[in-house]
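Labels for the chains are A, B, C and D, by order of writing; each one numbers its residues from 1.
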Amino acid sequence: MSETSSSLTLPDPSPRRTTFSGTLYRGNEGMWSWVLHRITGVAIYFFLLVHVLDTALIRVSPEAYNAVMATYKNPIMGLGEVVLVGAVVLHAMNGLRIILVDAWPWATKHQRLLFWIVMGLVAVLMLYFTPTHLINVFSPMDGGH
Amino acid sequence: MSQSEQKNEHSLGSEGASEAGDPSAQAEAAVDATTADAQAVSAGGTTPSPADSAAEGTARQVEPEPVEEPQSFPVTIIVRRYDPEVDEEPRWVDYDVQMFATERILDALHRIKWEQDPSLAFRRSCAHGVCGSDAMRINGKNRLACKALVKDFDTSKPIYVEAIKGLPLEKDLIVDMEPFFDSFREIQPFLQATGKPDKERHQTIAQRERFDDTTKCILCAACTTSCPVFWTDGQYFGPAAIVNAHRFIFDSRDEASQVRLDILNDQEGVWRCRTTFNCTDACPRGIQVTKAIAEVKQAMISGVKL
Amino acid sequence: MADQSSVTDGIHYHQHDVVIVGAGGAGMRAAIESAPKASTAVITKLYPTRSHTGAAQGGMAAALANVEEDSNEWHTYDTVKGGDYLTDQDSAEILTREAIDAVYDLENMGLPFNRTAEGKIDQRRFGGHTRDHGKAPVRRACYAADRTGHMILQTLYQNCVKHGVQFFNEFYVLDLVMAEVDGAKRVSGVVAYELATGEIHVFQGKSVIFATGGFGKIFKTTSNAHTLTGDGVGIVWRKGLPLEDMEFYQFHPTGLAGLGILLTEGARGEGAILRNASGERFMERYAPTIKDLAPRDIVARSMVQEVLDGRGAGPHKDYVYLDCTHLGAEVLETKLPDITEFARTYLGVDPVTERVPVYPTAHYAMGGIPTNNDAEVLADNETVVPGLYAAGECACVSVHGANRLGTNSLLDINVFGKRAGNNAVAYAQTADFVDLPADAADGVVKLLAQLREGTGTENVAEIRKALQETMDRNAQVFRTDETLQRALADIAELRTRYPNVRIHDRGRRFNTDLLEAVELGFLLDLAEILVVSALNRKESRGAHMRDDYPKRDDENYMQHTMAYRVAGDIGLPQEIRLDWKPVRFTHYEPQERKY
Amino acid sequence: MTATIENPNYAYPARSAGRRGPNLEKAGWIFMRASGVVLVVLIFGHLAFNLLWTPGGIHAVDFGFVGGKLAQPFWQWWDVLMLWLAILHGSNGMRTIVNDYVHKPTIRTVALWAIGIAAAVLIILGTLITFTFNPCPEGADLSLLPSFCAEL
C-alpha cells in the first residue's frame, strides 16, 4: 500500500538524485541518440536566440552588424561553427530517423541499424563541410568586398 | 575441511550422482559443492549442515567414466542495499559467491541471502521469467534476475545489482509498485464489449494475431523503469500501461478503443514517448514495446486499423 | 456493505463481508463473483499477477467440441480414470459440465484464446483426454499459445480491476480466526502480517475463502514458485481441520532436467515425443494406445523407470529427451514460444534442432483442504465449517483423485473458484459477523515475536534445503516403506531444529528473512503429513507409487485419506491421526487403468 | 528519515483528471515532425548557401551580403519561414525539457513563461526586421552596402 512508503512524506523530492543515484543506465543506441538529440537541441536553441538577435543588428547599422559578424570570423569561432553545424546535422539526421521510426514499422524494427546510418551520414556531411569551412576560416581575407 | 579435500569431493560428488538414480542428484551435488566453496569464501559463514555431508558421503562412490564437469567459479556481486530503518542513503555492499555459468543472478542473490546475509530483501516467485517479481537493474540494465544468466556477464569484473529506477525505493531491491499499477489501472485494462453472447465472441486468426505481442506482458515494470522520461516524471503513464492499452485497442472484440486513446492523448500520455527503445530492450518477454507505442500514436492520428 | 477499518493497540482491524485469501486464479475468480455483490477484500502475499497460475502453460479443458466431436461425459470419464478412480465422480461431473461455461466466461471477459479458422476457440490434445472412453486422444484443451495460465491470470486481474476489487497486496495471512457460536465453530476472520511495514491486520469477514495454492517447495526439484509454501493449507491444518489425500502429489513428466522448470504437456499435445538415450520412443511400451499422451503419473513413472533401467541420457544417464525437432520451427514459435525460449535460455538447447533434456518435477498437490461441491470446507467427512470456503490447488474437492489430468487445474480454479465466490457471497448476505475474540491476533503476534527475537543458531535455508533433499530422495515418484520412514525421521529431526532458527533481519519493513522462517514452518508440517499419509497407503494408485506395494488395492484403499492434527505445537513433534473418507461413485466402476 | 532516494514526483501534476483547456500534445507532436522536415531543407539550404557555396564562406558574410539576400523576396520568405519554424520547434523542445526536468512549480512556471516570451519577442522582431529592412540605408558607407545600392 502506497501510504507506507516513507518517501511520500519527504519535503522536497529531488529529481536530480532520482536520475543520477546508482549506476548510469546502460541503454543502447536508442537511448544515446536521444541523449545526443537533447543536447544538440538545447545547444542549437541557445545559438538560435543569439543568432536572431545578432542578425537583428542589421536594422541598426551596417557597422554594428559587421562588427558582430567579425567575431564569427575569428578562428576559434570558426571551430565553434564546425561544432554547431555538426550539432545541426546530427539533430537533423536523427530527427529524420525518429520520424521514420514513428511512422514506418520497418524502421521501428531496424532502429539500431538506422542509428548507425545516421551516424554515417553525419560523418559524410561533416567530412564535406569541415574542410571547406575551415579553409574559409583560415584563409587570410579582410572581410570586405 | 581442507581445500584439497573439498576439491576431491567436488569432482567425485558430481560423478557418483547417477548411481543414486536421483533426478536432481546432479544438481544436488553441484549445489553441495558450491555451498562448501561459498562457505570457504565467506569467512564467518554458516557451518555445513549434516545434509551436506550426508549427500557428499553417499556420492563418494566408484565413478564409471570420466566426464567433463562444469566448474564453479567465484563471482563478485555488488548489491545496492538500503534499509530505511537504519540507512540514510543506499550503500553498495560486496559479496563473493561461487557460481556456475548456467546459473542465474537470482541464484546468486539466493546464495547471498541463504548463506551469507539473510537480511537481503528482494522479491521473487516463479524464478523462470513469467511472474515478473524480480525486475532489477543488473550492470546498469533492467532485467529479470531469474532470466539473467551468469554466463552472459563478464565475471572477471563485479556484477552490480540495484533496484529498478524511478519508483520509490522501499528496501534493498524492493520498490513500491503501487504507482506503476496505478498507471496500469488508469487505462481501463479490461475488455469492454456490449451484449452477452451465448458462446464465445468470434475472432479470426488474423484479428487475434494483431495484438498477440502485447498480451505477453507480465507487468514486471522493467520497461517503465527503463524509460528516461519516466525517471524524471513519474506521472508519465509509461510503456507498460501503453502496452496494455494497445492489447485492448487492437482487440477486435473491444468497443472502448477511443476511450483509451483519449486517456493516452494526454500531456502524460503517448506523446511523451521519445523512442529511446530502452523499454523494448528491457522487456524480458521480448515485446516490441516501442513499436506498440508507435502503433497507439498512429491510431490517434489516423484511427485504429485492426 | 460493511467496509470499515480501525486501529487498536497498534493492530489494524478491517471488516469485509467476504475475505479472500490468495489472489491466484481461484481467488480472483471468486472475487469477480463476490465483489459486485458484497464488500470483498482480497488478501495476498504477492502482487496478484505474480501468482503461479501465470506459470500454467498448456490449456484448460472443456468439451466445447469446436474442432472435433466431444462430450463432457467423456471428459468426466477421463477425469475419473485419470484420477485412478479415487476421484469423487459427482464432483468430476460438475467440473466437466461447468467447464464449458467457465471457458466462455473467460473468453467473454477478454481472454485471447487461439482461434480456429472459423474464429472459434481452438483446442489441442492433452495427456489423458480421450474420445469415447479411451479410444483415441481428443482435442479438448482450449489454449492461448503456451501461456494459457498467464492469460487467465491477467484476464482475471483485469476483471478485478474492472470491478474495483479491493486488494491488500503483500499482506501475508498467518492465522484463521474461528469462534464458537451456539456450539458450532464458525469463521470470524483472518490475521495478516503486512510485509511492507511489519504491522498486524485483522480482517473480520462473514465468509472467508482460502485460495492459497500449493506447497511444491517441500520438494527440491519443482516447477513451483519459491512462494508456494502451503501457507493456507498449513493454517487450516493448525486450526485442527483435516487435510485430505495429502499423499497424492503429482510429478510433471517434462521439467527441464536439473532445474524443474516446466515444459508444457501441450508440447506432446502438438506431437512432441519422449525418447530415451538410444532414441527409442519408450512410451510405446508403457501406454501402447495413447503413448506420450498418457496421464502424467504414468509418463513420469515410465521416465523414471527408463533412467533406473540405465536407459537415461546425458553424462549421468539421469534424464530422457523431449523431442520436438520434427514439429518445425513454425509450430514451436507460434504454439509453444515460451517453452522454446525456456529451453534456449536455461539449458542452451534449441528445441527446433535438438532434443531437450527433461525429467519429472514436483508439480501439483491433488490433496489439500477437503471441501464439498459447494467449496465449503469440511471439518470431518461431512460437517461443513460455516462461512469457510476453499478453492484451487489448496483445496481437495476431490476432482483430481489420485492423479490430476493436465488442463484440469486451470479448469478447477475457474469452476470451483466461481462456486466459492458465489456461495461465499450468498452466505455473507444471510449471515452475521461472528464476533472476533479479544485475543484474535495474539497467536500471530506471539509467533512472529518468537521467531524475530529468537536467539537460536539454526539457519532457515539449511533446514529447508535438508527437507527438500530428503523429500526428493525419499518421497518422490517411487516410494517404499523404507524411504518414507527415512523421510519421516529426517523431518522429525528438522522439526526439533526449527524452533531454534535465528532471524538475522530484526527490522520490520519487508523482512523476508522472517517471512521465509514462517513459511518453513508450514513446509515442515505439510511434508510430514504427506509422508505419514503415504506410509499409511500400502498400495500404488495414481501419483502414489509404492515399490513395495506395486498393485492398486481397491478392497482396502478405495477411499480418501483424512489426516487430523491431534497435537503438536510449532516445532514440536506432531501427532497425526489418519482416517478414511468414502469415494463418491456415480457411473463409473473401477477398472484396471490401461492406455 | 531522509530517504530521498529514487523518488519520483508523484506530488506533481495530476493526470488527465485535472486537465483544463484543449490538449495540444498531439498537435505539438505532429508539428515537431512536420516542422523538422521543412527545417532540414531550410537550414541546410541556409548553411550551404552562406557557408559553402558563397566564395569565401563565412568571410563573405557581412551587411552587404545579407542585405543583398534580404532584398530578394525569395530569401525574405525563406528566412522568415525558417525563423518561425525554428523558434517554434526549438521553444517547444525546450518546453518538453522543462516539463521533464523542472519539477518545482514556481521555477517551472517562470521557465515556461521565459521560453514563451523569448519566442514571441524573437519572432515578432525577426519578422518585422525582415520585411521593413532597407538594404541601402541613407548616409551609410557605400562600401559596406550591397553593390546594387550604388546604382540607386
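Some points to look at:
Throughout what follows, a contact is a pair of C-beta atoms (placed from the backbone, for glycine too) under 8 Å apart; a residue touches a chain by one contact, two chains touch by 3 or more.
Note that the coordinates shown come from a computational prediction; the quantities given were computed from them, not determined experimentally.
Farthest from subunit D in terms of Cα centroid separation is C. Counting C-beta pairs in contact across B-D and across A-B gives the higher total for A-B. The centroid of the Cα atoms in subunit B and the matching centroid in subunit D are 45 Å apart. Subunit A and subunit B have Cα centroids separated by 36 Å.
Put simply, the C-alpha centre of subunit B and that of subunit C have 24 angstrom between them. Centre-to-centre separation between subunit C and subunit D, using Cα means, comes to 65 Å. Shown for subunit D are the residues that touch two or more other chains, namely 1-3, 5-10, 101, 103.
Across the assembly, subunit A contributes 1, 4-8, 15, 18, 21-22, 98, 102 as residues in contact with two or more other chains. Counting partner chains per residue, subunit C has residues 169, 196 touching two or more of them. Chain contact summary for the complex, subunit A toward subunit D: residues 6-8, 10, 13-15, 17-18, 21-22, 38, 41-42, 44-45, 48-49, 52-53, 55-56, 58-59, 61-63, 65-66, 69, 72-73, 78, 81, 85, 88, 92, 95-96, 98-99, 102, 129, 132-133, 135-137, 139, 141, 143-145. Contacts from subunit A toward subunit B in the complex involve residues 1-2, 4-8, 15, 18-19, 21-31, 33-34, 98, 101-103, 105, 108-109, 111-112. Put simply, subunit C touches subunit B in their complex at residues 46-47, 49-52, 54-55, 103-104, 107-110, 112-121, 144-145, 147, 150-151, 154, 158-159, 161-162, 169, 196, 220-221, 225-227, 257-262, 304, 307-308, 312, 315-319, 338, 341-342, 345-348, 359-361, 459-463, 465-466, 469-470, 472-473, 476, 503-505, 507-513, 516. Across the complex, subunit A is touched by residues 80, 84, 90, 137, 139-141, 160, 162-163, 165-166, 168-170, 176, 178-179, 226, 228, 231-232, 274-278, 280-281, 288, 290-291, 294, 297-298 of subunit B.
Against subunit C, the residues of subunit B that register as touching in their complex are 15, 17-18, 20-28, 46, 49-51, 55, 67-68, 83-86, 102, 113-115, 117-119, 121-133, 147, 149, 170-172, 174, 177, 181, 184-185, 188-191, 193, 196-197, 199-205, 207-208, 211-212, 215-219, 248, 251, 253-254, 286.
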